[in-house]
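You will see two complexes here that share chain A, one where it goes with chain B and one where it goes with chain C.
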Partner chain A sequence: MTKRNTFTAVAWVFCFLGAASLPFLTSRYQISLLTEIIIFALYGVTYNLLLGYGGMLSFGHAMFFGIGAYTAGILLTSVTGTPFWAIVVCAFIITALAGFLVGSLLLKVKGTPFALLTLAFNSLFFAIAFKWYAVTGGDDGLSIQRPNIDLGFWTLDTSNVSTFYYITLIVLSASILACWYFTRTAMGQTVLLMRENENRMQFIGYNTAVSRLILFTFTACFAGLAGAFYTLHFRFVSVDAISVGMTTTVLLLTFIGGTGHFAGPLIGSAFYIYLQDYLSEYTDRWPFFMGLIFIVMVMYAPGGVSGIIVSGGKWLQERFRSPKREIEGT
Partner chain B sequence: MEEVFVFFLHGLAYAGLLFLVSSGLTLVFGMMDVLNFAHASFYMLGAYFSYMVLSMTGHLWLSMLICPVMLFVIGALVERFLLRKVHSGGHVHELLLTFGLAYILGESVKWIWGNYPLSITIGGFLSESINLFGVTYPVYRLFVLLSSICVGIAMALILYKTRLGIIIRAAVNDRTMVNALGINVPLVFMGVFGFGAALSGLGGVIAGPFLTTSPSMADDILITAFVVIVVGGMGSLLGTVVASLLIGELQSFGVLLFPKFSMALIFLLMAVVLIVKPSGLFGVEQS
Partner chain C sequence: MSLLAVKQVYKDFNGLEVLTGVNLDVREKGRHAIIGPNGAGKTTLFNIISGKFKASRGYIEFKDNNIGALSPHARNRLGMCRSFQITNVFHNLSVFVNVQAGVRCACGLRYNLFKRPENMAEVNRRTEAILEKIGLHDVRDIPAGELSYGQQRALEIGITLSTDPELILMDEPTAGMTREETAQAIHHIDVATAGRTLLIIEHDMNVIFSLADTISVLHHGTILASDTPEAIRSDQRVKDAYLGEDE
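Moving on, here comes the complex of A and B:
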């Protein structure tokens, strides 16, 4: 492990420990917001794998988030006594299947047709969720109770805000770590190369269609996991979870955080949710200010918050290093 | 049989409205390749401006003249001062910028006119019904159809029969070359974007008395308009006409035959078309 990697790993561990100690420091409301941030962080990280790493602009990521959310909601309302872990695993598997199915229909399309086709599939799933009232509750949605976790010797009370926060933190951090690990594998590197020059990859002998399908399925199942936790967190799931608006949310928060860095969506999620929380306290018209912020960001800081931090760090480095170099040079 | 005929006419009227909105999008998205998510917001603004003009003057033809001009100015300003600056960033940046714009316009409308539907009523002959081949049918829907046909013919004439049309099509094809020939391409693009916004605004003016004028009207039509463009093929005017008709009728008969799945039908159509022919029905195949 190089020095830089050790530094990054230490920084991540500190972030995790910091997040773990927060419930002791803040109010119940803040903890609930933090849980939401973690959920959207995972959702954003999966989206960034598609957009930032794979260069695939999807308008339909919410279908996987929504399928995960509905899997949790439907299991909890129609099957009594479903254990917590079964929900999480089912959501993961079902969205993986959905991702594989949709992804295999999208193998050949790229660019704008890809974006619009994902939008079409998202809208299709939305229409199903909206109209299939008997199962999904349509416009009314489904209300659920979080099941407690029975560890055999000890039962975790998930209705406690802090307990649920810790469960979310552990499971979703592990998932984010898995996504990070994915970018480090040969497969992850293939995805990066594919974004840079797909023709060349094909020429070398890679089957880029299969790589794209793997990436698509991978991001889908983790988005589904985030969706399942979304339902568990709000104890409610409605068509909002699978709407185009949910895709917009992830696109915006990923972009705010910055698509150029793995940690971008984590920052973006915190920024987005706090900003929304803060603005909605003062005005009902908060989307107006959100819109304004997006426009300013797109025009003046297209690298997002992480882009600002990275270039700020470089600027600092330059500032402190350059006098030294001058001395060495003379 | 009569019912089928009425639904067929409904479909035609809806197709006409769809064509008005998506023909502007054909210019902006299909030809200029700008992913404009604020396009339907221009349509909504058109309806609200028309509400203002109608409540002041009471003449629909006046608002059909004034509102598109207002939207043209707004569209041109948006292109000049916002979109042009992020064009080099590609689709994602344009998309986010227009998303932000759609948020701002949507919220502004709620701020100014309130978050509830407004009803626009027009008097005179247009609000009556006539007897058409044995069925009574509202005149206004036929008027919607007629206006969209006029717009379609005008657009075809401008694009394919005038010098301006040649310049636009050439600029879309090879921007640098046309620029080198001494034509101010950025100005042309500004004009085309403004014209697209004006068409969308005209759609809003016409939709006002036909559908409800509310802040959610933009979201209602946006996705459908994109579906029309994609099914018809990017940048093809003929494709837009055919796809509008197809989707208008599909929507209309979908409501009649499968009320539960009418929403899903058009997306199914889009998915099938894109999987079979990714460039759309009349699109040019790109390698």
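Moving on, here comes the complex of A and C:
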């Protein structure tokens, strides 16, 4: 077990180092795509905490992504000289509050009513963003300039693609790591109990309302952080960021990556962004093909890409082990 | 001194009266059994005591607190824990995690965002001890759903013990077991609940008469008689209402 853990840790460190060395190896366009992948990876990881770990199907995760995105957009357009760190912190806190508020209204509902109510809340926030033109810019959206980061002795020029990529990589990797740690804590274990048998939990002393609220708030604030980076990355935020379409995006990429494994959404995000980039070169109708892939995945590979990798690995293990077993048996 | 007192509890489901004025007194450290024909309302009574349903009327007092309005988790934290007639475990999680969940809860580590379960020495020591008691130590890493029926019933008891309750409510712990399995399960229950208060629903008369020191007979939603096993055995009303029906 510890051997396996060490292996996993080493693999992650290599992934991180590999990602860190990429700006030296590829084009600016690729770096920009990678930045987007990291942003959507965090968004997907938070969604998977709800869906894969907690067993809660939400159709409204974009409201938190969108609130984070608009927090960044509004701060940068209406408050001059907002420092970079303040945007990140504000997005985090405001979406945490939103998550707590919405979550506390949804404590009693489960299953289908829960899914539909999250959809309703998403539409509500979408309507606010769409109609409140003075603040959100409505349909036109908000264009922003990324603030530079002043470290005192050194100013980071965030308009540089590679610099922004590194900032995204460091902040969002740390956030993904925090989400991973969450799954390993006592609370993370409690989330699994919720998925398995919420009814029995109550009879061994768990307040399921508290458990749900903690999970909902936790996933909301990290989704908001991803949203803030989305605005910073595109230097623009519009109602797209808070639309039901953005919920569909996270649902798709999480499903494609697989809900059964923590790394699922990371793979899903890379797969989704690259495929979208590739398909949109040839056709404007890329969502159609994305939809087809989603249908095929749900029907034939419900474990997603990570599920295929895991069962492939098991199959290989069996193949290499079986002769040995036979020898032991004789 | 009575640990649990049920006073004039009524329950009806949309006009269907299941309990019609139940009175029950469970003595501290007692081994109290509830028997009664199918449909007498035994499980409904358990659901009301444990907080799954609210009573339509009446009071439930546990350790001199009126607990009628409390939610199941709050009642559990006061020191009661129940098992289920139909196996109710965490299927895809390991046997160890199934038991650890309750122990963790009793130790106040329910929603901790920093501590990792593998580093909770006291929790894990207590979990191991319970697994040892219910005889599932060898299968601790297997998902609960893959256990045999008998083992799942044992796990059901393990989860019930996991929160270290003073009052243990067992709803037909030997349901669906063979005679040998039943004998073994009863031995487990006897050992595991030593020094605690036990309230048990059971169908098997041999089990009841060997385990319990007090028996209450529930019939048509009320307690017909509450006495020692010997007295119950010779009670004419009980014979008419219940024991006679079996033969």
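One rule holds for everything that comes next: the second predicted complex is superposed on the first by the 329 of 330 C-alpha atoms of A that agree within 3 Å, B and C clash if a C-alpha of one lies under 4 Å from a C-alpha of the other, contacts with A are read in each partner's own complex, and residues count from 1 in each chain.
Here is the rule we go by: contacts are C-beta pairs under 8 Å (C-beta built on N, C-alpha and C of every residue); 3 or more make two chains touch, one makes a residue touch a chain.
Predicted model, so just to flag it, every value in this text is computed and none were measured.
S.K.: If you tally the residues of chain A touched by each partner, is the higher count for chain B or for chain C?
M.R.: Tallying touched residues of chain A, the top partner is B.
S.K.: Quick one: classify A:L151 as touching chain B (first), chain C (second), both or neither.
M.R.: Neither partner.
S.K.: Give one of first, second, both or neither to describe whether A:L105 is in contact with chain B, with chain C, with both, or with none.
M.R.: first
S.K.: Where does A:A134 make contact in the superposed view: on chain B (first), on chain C (second), on both, or on neither?
M.R.: In the superposition, A:A134 touches no partner, neither chain B nor chain C.
S.K.: Is A:P113 touching anything from chain B or chain C once the two structures are fitted on A? First, second, both or neither.
M.R.: It touches chain B, and chain C stays clear.
S.K.: A:F255 contacts which: chain B (first), chain C (second), both, neither?
M.R.: Touch partner of A:F255: chain B, not chain C.
S.K.: Contacts for A:F121 in the overlay, against chain B (first) and chain C (second): which applies, first, second, both or neither?
M.R.: The first partner, chain B, only.
S.K.: If you look only at chain B, which of its residues touch chain A in the complex?
M.R.: The touching residues are 33, 35, 82, 85-86, 89, 91-93, 95-97, 99-104, 106-108, 110-111, 223, 226-227, 230, 234, 260-261, 263-264, 267-268, 270-271, 274-275, 278-279.
S.K.: Given the complex with chain B, which residues does chain A contribute to the contact?
M.R.: 51, 57, 105, 108-109, 111-113, 115-117, 119-121, 123-124, 127-128, 130-131, 244, 248, 251-252, 255, 259, 285, 287-288, 290-295, 297-299, 302
S.K.: Which of the residues in chain A end up touching chain C in this complex?
M.R.: Per the touch definition, chain A meets chain C at residues 182, 184-187, 189-190, 192-193, 196-197, 199-208, 210-211, 214.
S.K.: Using the touch definition from the top, list the residues of chain C that touch chain A in their complex.
M.R.: These residues of chain C touch chain A: 50-52, 71-73, 76-77, 81-82, 84, 88-93, 97, 100-102, 104-106, 109-117, 120, 159, 162-163.
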